[in-house]
Amino acid sequence: MSTPIKNGLRSGAISSIIVIFITIINFLQVISGMLGKLLGSDTTGMIPIINLIIILFIIGFFSGLSSAKEREPDTWRAALLSGLYTGLFAGVILFVFSLVIGAVAAKGIDLRSYLSFFAPQTIQQYMFNLEVIDLELAALVPGVVLTGAVYHLALQVAATVIGSIFVRGFVRGEWRKNLMISLSQSTMVTTGGSGLKQFLNNRYTKYGFFIILFVLLIVLPRVWGSYWNYIMGTVGIYVLLGLGLNIIVGLSGQLVLGYVAFFAIGAYSFALLTAPVPHNLLWNFWPAVGAAIFLAAVAGLLLGLPILNLRGDYLAIVTLGFGEIIRNLIRSDLLTPLTLGPRGVREIAQPTLFGNPFSSDIDFMYLIIVAVLILIYITYRIQNSRTGRAWLSIKDDETVARASGVNVYKYKLLALSLGAAFAGLGGAIFASRNLFTGPEDHILMVSINVLCLIIVGGMGSIPGVILGAFALKGIPEMLRDFEIYRMLAFGALLVVMMIVRPEGLWPTGRPKLEKYKGEDEPELQTLDNPSESEGA
Amino acid sequence: MSTILETRNLSKFFGGLIAVNSVDLSVPEQAIASIIGPNGAGKTTLFNCTSGFYTPEKGEVLFQDTPIQGQSTDTIATLGIARTYQNIRLFSNMTAIENIIVGQHPRLRTSWFDAVIISKRFRNEESSVIEEGRRLLKYVGLEGLGDHLARNLPYGAQRRLEIARALANQPKLLLLDEPTAGMNPNETEEMTKFIKRLRDDLGITILLIEHDMHVVMDISDQITVLDYGTKIAEGAPKEIQSNPKVIEAYLGPGAAVLSEKYRRKK
Amino acid sequence: MNQNNKTSKKVRVSPVITRSIRIVVGIIVLAWMVWRFYNVIFVTAEYGADTWVRFAFSGLIIGGMYALIAVGYTLVYGILFMINFAHGEVMVIGAFGGYFVFELLNAITVTAADGTEMAFINAQPVLALFLAFLAGMSISAVSGFFLEKIAYRPLRTAPRLVPLISAIGASIFLQNALQLLFGPQRRDYINPEILTRGTGWTIQIAGKPVLLTYTGVFSLALSIILMVALALVVQKTKMGKAMRSVAQDKPTSALMGIGVDNIISQTFVLSGVLAGAAGVMWGIHNGLINYYTGFLPGIKAFTAAVLGGIGNIPGAMVGGMVLGIVESIGPAALAIDFQLKDVIAFSILVLVLIFRPQGILGEALSEEKL
């Protein structure tokens, strides 16, 4: 099989499967609904059709693009052929698909008993809103359904051909190279080569940036309303958790999959100490937070003791087990007298500042911001200290670290304890803000979310953690319309990120300590330097 | 001169395999001692037993007359033994100078709390470790390369960095595992001179595993020969060179006689 | 020269301390377990022999399914050193495959020789079962194949955490894709009539009746057959040998002319086949499936694989069976609420790993070289 055919087959198959998939899950309808809201008109009529055409066109376009790119066509004819094969293949598949579902819809069969989101309306819209539903089958196939199927075929072919010609024209063409060269030249001229970098590193730029940030942090919570305070507050709590897990995983290299256990201990300690039911201890906010942090840290220590010499994946599973054990225990009948079981704990204490209540959503936002700043400071200071370096050496090569004099067990326990303490703080604030906490707040998914956010953001890097929290918690919250597709996109995003940018969105570097001020490119010097002596 | 390192009847088994067989080794203070032998003779295993990586099944290891067999490697590091590795094992994701600073770890005192509150102890220690790092970089000829990630350094630089990291511990005994592996004659000569300086200027006792006989014969005060885990000879370079057992271990049975013939002919 | 033994003024955590803590904890836990068990058996005698047999039986059944899934994990781990987090989803995809085949065969009616009409599924139950398993195992195999190709192959050389995150992402994606395609509701498996859930042979144990369900016996038997078949494949066939060699040493295997990529794909296909079988079995025996059904068995099966010694195929089988039995008998034997059976499963895992980190049968992977 020659290459353009093979490429065409592959691209066409992939793109048609994607189209079929998103149709079945009703994605097209949701998008057109959102567009309708945006444009203020209703969702029947032309909008779904246009939406359909555009999306399918885009898919076809990129399909043609990628199949042609594989081949790197030098002639228009080659590009055309690539596109044609792709389009034909995808088109034929969709043609058949259209016939099948058209016929099914026409017969009045509702597929939703099997494919839950595949409503007849969806099929109708897929068939360009031609009158598909509830017609006589015999009259139908030569007529409407066929028309719809043909439209799809044509659309695919057109889109892919255009895509592949685009490849030939733009990507391969001379004028693209010229454009890129002039673009880069212009940036060099305006910023003087590394001017942009200099600008960013300038001391005053940094000060300015922080001042602006500071002002924003004070002003925004007052201004943007409770909805945003709630979302950003959640992001902030996840930043706390991320910083904690970052110490454990990103700095000391221990893969812990049960981090939510510490979060739960923090939340539940706080809740049980302050709520009237079941224990009626009614502690104040601040001492309870302190206790939560302390208990979580102790838990980190205890959890760490038996697992210190477990290797990577074993460690992961054992900690996952711990997380599940703790959640199941909290929920169980056995411990219900202590934890109130599945019902969760209500009426948890609210923060007070110098005796006055400090519990509005704005206040909580400030509280979270302060907590985040404190933990960032702590992390930052430890990162570039003896402890931080010891952690990194353990992460890199535990055996050699130990042989270099690092007391590995002690530092691992320290990392676990400290990381757990961060989670304890996060848990306490979380519980207080929600005025409630229950076992469903402490599921495995939370651990996974935190792990993903530090890796997607950039492991071991503070700005990475913040970015990760925004990306994986903030953005989905903002895209509420796409609620049902949220997790699907999350999963896909993780895979894509790991393939495309595994070091994370904002990876970290190590500090420059030597700061050699000699010539530009130092070279290896000889080992014979009798002038150098070394005192004992 | 007192003995700084001694093994008595040291044996290490791996299942049914006898890797080290009742080896008695004695290294005088401030000597440069070499361990040689064909591949698989148990040299690195012996190293690993003396530095705490393995616990021997039988026998003792004495460092400055104190038994250290079975202790953990970090304890042994604090006692003053440092080593390098056959396959370079640096902390690849840290910079060169950071590698050296980690080498200083056992001699430092600050805790995480010091770091957070930026105590005086912290500030003093941080500047002194960086200073020491710079000094060691210069000493091994890596000045200016300190801020490169260890994994980005060329091979020769990495070897030197490993030594610098070991020196950062201010050890009394330095174990070098094939320090000239992969080096050309010039580099080898440099390294040989450097090792001598370590002993002459700093008074460090050196125990080395080497395959390059020029190096071994050149700088060793004492050579121990292992074959199949057993010590078959020990002594000054001249004695070892003409020792028939050693020749046969390397070249096969009958080679000793041949070699004698060659020497007579000359 | 300064000799510094005071690394810090805090407690030095030496291996001696951790080892003694472990021993103490181990003795306490063991003693408690023995005491509880003694109580249950001799003092309160809450359960008769018939109940124990019932527990053991259901433990074996689910243990067999865990074993099949666990072997899949261990095969992948042995060859790629990664945890295939999405393996539970591969299992449930197979379950869905079997489900749809049964639905289809239930809807087709055939006329028997005596003129009665019955659904195909009941007219030809053996064929129906065969087709269902074929469908389930094939779909799972294909899923495994594409899973590796898309989410894992590009990450072959990346550090350990990266493929793990990709696997988590793939797992989430597949779960949600299944939810979006087939909906969140649980679907009821239609078995052929001869395998109706809840029917079976009744035997007498200690004077009381114990039901050995047809579905249970079927699942257990099939699990054993598949495990034996797998063992034969891995030991005797060329593909099995190639897999073992690639697991041991990839570059050398490549130099020997083994197509490493192909072998890895085949490994995923094989593990998918087993998971698919387990999925269909699950549907037949337990009846209800939905997109989430693979999650918990997936995690438990992985813990079973670790329990048996990761990378060790017989270990995975043993681990799976042990986990199944412990899960079933554990709560009763220790007089603990049945609600806590997951706690018991995970606790056993934690305990085993603490005291025997290499698992029950030991890991089959090479040691770290110095």
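Letters A, B and C name the chains as they come in the text, with residue numbers starting at 1 for each one.
Throughout what follows, a contact is a pair of C-beta atoms (placed from the backbone, for glycine too) under 8 Å apart; a residue touches a chain by one contact, two chains touch by 3 or more.
For clarity, every value in this text was computed on a predicted model and none was experimentally measured.
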Identity of the most central chain, Cα criterion: A
Relative to chain A, chain with the most remote C-alpha centre: B
Centroid spacing, where centroids are CA-atom means, of chain B and chain C in whole angstrom: 48
Centroid distance [mean C-alpha coordinates] between chain C and chain A, Å: 29
Residues within chain C bordering two or more other chains: 1, 7-8, 10, 14-15, 370
Residue list for chain B, restricted to those that touch at least two other chains: 53, 72, 78, 85, 106-107, 111, 170
Two or more partner chains touched - positions in chain A: 399, 405, 407, 536
Footprint of chain A on chain C - complex, ascending: 1, 7-8, 10-15, 18, 21-22, 25, 77, 83, 100, 103, 150-151, 154-155, 158-166, 168-177, 180-185, 299, 302-303, 306, 310, 336-337, 339-340, 342-343, 346-347, 349-350, 353-354, 357, 368, 370
Contact set on chain B toward chain A in their complex: 51-53, 72-74, 76-78, 82-83, 85, 89, 91-98, 101-103, 105-108, 110-112, 114-116, 118, 122, 125-126, 129-130, 133-135, 137-147, 149, 154, 156-157, 160, 165, 169-170, 190-191, 193-194, 197, 201-203
Chain A residues touching chain B - in the complex, by the definition given at the top: 377-378, 381-382, 385-390, 392-393, 395-397, 399-408, 414, 418, 510-516, 518-519, 522-530, 532-534, 536
Residue ranges of chain A in contact with chain C within the complex: 21, 24-26, 112, 114-117, 249, 255, 305-314, 316-318, 320-322, 324-325, 328-329, 332-334, 399, 405, 407, 409-410, 413, 448, 451-452, 455-456, 459, 484-485, 487-488, 490-495, 497-499, 502, 536
